[in-house]
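As structure tokens, here come the structures.
Two complexes come next, and they have one chain in common, chain A, joined by chain B in the first and chain C in the second.
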Partner chain A sequence: MKKYISFFRLRTVMGLQYRVAAVSGIATQFFWGFMEIFALHAFYETNRAAYPMTMEATCAYVWLQQAFLAFFNIWALDGEIMEAVVSGNVAYELCRPLHIYNMWFAMGMANRISRAWLRCIPILLVAGLLPKPYGISLPADGMHFVLFVAALLLGLTVVVASCTLIYVFSFFTVSMDGIKILFTSMSELLMGAVIPLPFFPEKVQRVLELLPFAAMQNVALRVYSGNLTGNEMWRALGLQLIWAVVLIAGGKMLCGAAEKKVIIQGG
Partner chain B sequence: MEKAGMEKTGKERAEMKETGNDTGQTGKRKSGADGKVSAARLYRHYISVIIRSKMQYKKSFFMYSLGNFLVSFNVFAGIFFMFRKFNNVKGFTYSEVLLCYSIVLMAFSLAEMFARGFDTFPGMVRKGSFDRLLLRPRGIVLQVLGSQFEITRFGRVLQAVLLLGYSIWKGDVRWDFGKAMTVVFMIAGGMALFSGFFVIYASLSFFTLEGLEFMNIFTNGLKEYGKYPMGIYGKGLLWIMTFLIPFALVQYYPLLYLLDRRSGAGYIFLPLAAGLFLVPCYFLWRYGVRHYKSSGS
Partner chain C sequence: MITMENVCKSYRIAKRNAGFKEACRALFHREYEEVAALKNVSFTIRDGEMVGYIGPNGAGKSSTIKILSGILTPDSGRVMVDGKLLWDTGDMRIKAAGKQEKCSRIEHVRHIGVVFGQRSQLWWDVPVMDSFELLKDIYSISGPVYRENLEELTELLNLKELLRTPARQLSLGQRMRCEIAASLLHGPRILFLDEPTIGLDAVSKLAVRDFIKKRNEIHGTTVILTTHDMQDIEALTKRIILIGKGRILMDGSLEDIKKGDAGIDETLAELYKAYEIS
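Here is the complex of A and B:
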């Protein structure tokens, strides 16, 4: 366990090196957040009856999405890892007395957490100061907050498990471009990054909520603002847990199978 | 996606080295009589070399084109599903929004295709390969434009064409010659505007050496949120997009003309006025080139 934690620490320190990039990134994210809110607000003003969320919940959703972008931007696959598998350098990693799946998993977690916590604090602070309903307010009670954090961490776990699964897949094919492109673009739509899931037609939404993609950012962002409550919320949290377990178990099994017959092509 | 793009540019640049030499030689060969090949011809030559070299990796070309197609497809899917729930946004219907989005997407992808050299320019400054450009006896702008031609954006252009076709077919715009010209000018003006932002982005890298992420707001941001007519975002933003960044001139006002909500021939030519935006961009670029200090690598 200690080994993985030190990997984790190393990556966090590395991520913290890029502070200027973070500032520039935060400015960009504010713009995206505001534009997203303006656009959704226009729909809200056009037809309030058809609008599936409250404006407060929408804004909380958008700001949390921006604040925790690094958790859920699934396209941020680790190029180094994929490169290592293609070039054969992964052989070094396989020689280490660590389980490669666990190592990749720890690296993914560390990468995302180190990037997110730098960015989320200023975004949430400023968004908290914005007038209602455009900003973000504290969750209803402590219980809500605890559930939000739980959903956030479960979501992160599902994201990292999915990405690690993609890395493991790259053992089996030489060129990952196709899978990568399909996976990243589809998941973005299905996880609710393009429009929040409640904006999909009801039948579509009901199906999407069962998929692993909905277990990523959807639950946490909607629990926070009270858009997802009661039985529905518990079901969503349960699904998150199930998907996290399934994806990790599947990834580990596949990784074990791959390790047994991995062929390093030159070096 | 962005990361994938970045990885690729490294590879591309390696290719560029070869193609650059190639162009140099052929340029010399053709130049015989009057000593100089015309700029247009040289540019065409640059492009054909790049396309030929890209086509050596056909599978990669198709994959990246598909990727480009899918990424903007998400935006379309977002609009599609929003309009299952709402039948208009501030009075703009589904087909009207699609018309707007397809024009913006077309302008953006064409600008990205042709002005990609400026988009990837910070890398050139950082690596010091810009020095080589300065040594050659041709215009710098021409050389930067000719250094890249992003043919994989073809996926996006194709999507824009399909969406434009669909919105013309489904929508109820009463088309005439003036309106057809308006669409052409909107695309041309939008292209000029987006190219201008790429030039600013490149110019700033003379001073910072790094690409600045916030410039993304003006390129990807405007493409992304230009999907809805600027008017829906409220008066304040419309004012900014009219007077500070002339984006509404290529998007919102001519669109109103297309939809018969404004009249007057002036609206047809309004998008071309946005082309003036290139003038300050060019001066910034000139200023940057004059203050260029090689990074030495």
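Here is the complex of A and C:
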């Protein structure tokens, strides 16, 4: 276990080195957040009756999404890992007493957490100061907050497990571009990164809620603002847990199979 | 001790003719060609021996190293490293009769060190020391052992100034010294060196050779070295295994192949020609 924590630590240290990236990331996320809120506000003004969330909940959703972007931006796959597999440098990792899957998983977690905790604080602070309903307010009660954190961490687990699964796929294919583009663009839409899931037609929504993509950011961001409550919320949390387990188990199995038949080409 | 018995390995290579039409055809129907990289390779290496493993490009050197380091599965054959069974694809009936249990990759790699001259194991963006610390945890090396090993390696490879530098800012020679140190932090008894002097200048080459020699003398580390640099072989090894087209062609000493006062490179070229493997 210690070795994986060590990976975690090194990655975190590396993440702290990139200061300019953090500052420019925060700036981008403010712009993006305002843009999204303006657009959704326009929908709201056009037809309040048809609007599926409250304006407060929408804004909380957007600001949390921006604050924890590093948790859920599925397109931030680790190029280094895929490069290592494609170039064959992974040979070195295979020469180590390590489980490749666990190592990649730890690296993914570390990457996202180290990036998120630097960036979420200023965004949440500023969003908290914005006038209602455009900002973000404290959650209704302590219980709500605990559930939000649980959903957030489960969501992060599902994201990292999905990404690790993609890395494992790179053992089986020469170029990762195809899978990468398909996977990232599909999950962006289906996880509720473009528009929150309640904005989809109801029938589509019912299917989407069952998919692993909905187990990523959708639950945490809606639990916080009270948009997702009661039985529906528990079901969503349960599904998150199930998807986390399924994705990790599947990834581990596939990785085991890949390790057995891997061929490192060239000198 | 390392033993390989009748190890075979072949690769499947997708082939097609050049051109757009052919590429389209290959989308639906691929033709594969089996290329045998290793054919019945057998040899034994004793503890503490230094062996040069030579042969032209594509002879099967790297495949052998990869099989020995546990990252490439052979098609058939039996491989034992340091008393542990690594691969055995032999007769299933013998297997059922309760033979030695196969050692897992993770268990195996704990006791070997590998340097691939053409690849890097150091973390690019952080000082070398951080990579070393990580390796300490990966191999679960205890504090005192780690400090002792690090001290010795720092001394012998002259790393003192390099440890605080990020790996990306090292020259190739400096980096290679760090790579070698990284592979030896856990004090492996067997060291595989795959072209460790490739691209190095004369000074670095000598430093690397010198170090390998010392390591072998002091710790009795078994070293298998693949290289195209015959001076490496001359300086380090007494025994040479020559492989060509996947077969072991010769297993003997450097003197066996040397004729008169011909240079070592010329001798080798002669040898390749004689065996029709170049």
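Everything that follows uses one rule, which is that the second predicted complex is superposed on the first by the 266 of 267 C-alpha atoms of A that agree within 3 Å, B and C clash if a C-alpha of one lies under 4 Å from a C-alpha of the other, contacts with A are read in each partner's own complex, and residues count from 1 in each chain.
Methods note: a residue touches a chain if its C-beta (ideal position, glycine included) is under 8 Å from a C-beta of that chain, and two chains touch if they have at least 3 such contacts.
All figures in this text were calculated on a predicted structure; none of them were measured in a lab.
Once chain A of one complex is fitted onto chain A of the other, the partner contacts of A:Thr173 are absent, as it touches neither chain B nor chain C. In the overlay built on the shared chain, the residue A:His99 is in contact with chain C alone; chain B does not reach it. In the superposition on chain A, A:Phe31 contacts chain B only, with no contact to chain C. In the superposition on chain A, A:Gln17 makes contact with chain C only, while chain B stays out of contact range. If you count the residues of chain A touched by chain B and by chain C, you find the higher number for B. Touch criterion not met for A:Thr229: it reaches neither chain B nor chain C.
Touch criterion met: A:Lys2 reaches chain C, while chain B stays clear of it.
Judged by the document's definition of touching, no chain A residue lies at the interface with chain B and also at the interface with chain C. Put simply, chain A touches chain C in their complex at residues 2-3, 5-7, 10, 13-14, 17, 87-89, 91-92, 94-99, 259-264, 266-267. By the touch criterion given at the top, residues 11, 57, 62, 66, 69-73, 105-107, 109-110, 112, 114, 116, 118-121, 123, 125-126, 130, 133-134, 137-140, 194-195 of chain C touch chain A in their complex.
Every residue of chain A that touches chain B in the complex is listed here, in rising order: 20-21, 24-25, 27-28, 31-32, 35, 38-39, 41-43, 45-47, 50, 52, 75-77, 79, 175, 177-178, 180-182, 184-186, 188-189, 194-195, 199-201, 204. For chain B in complex with chain A, the residues that touch the partner chain are 1-4, 7, 59-60, 63-64, 66-67, 70-71, 73-75, 77-78, 81-82, 84-91, 210, 212-214, 216-217, 221, 224-225, 228, 232-234, 237.
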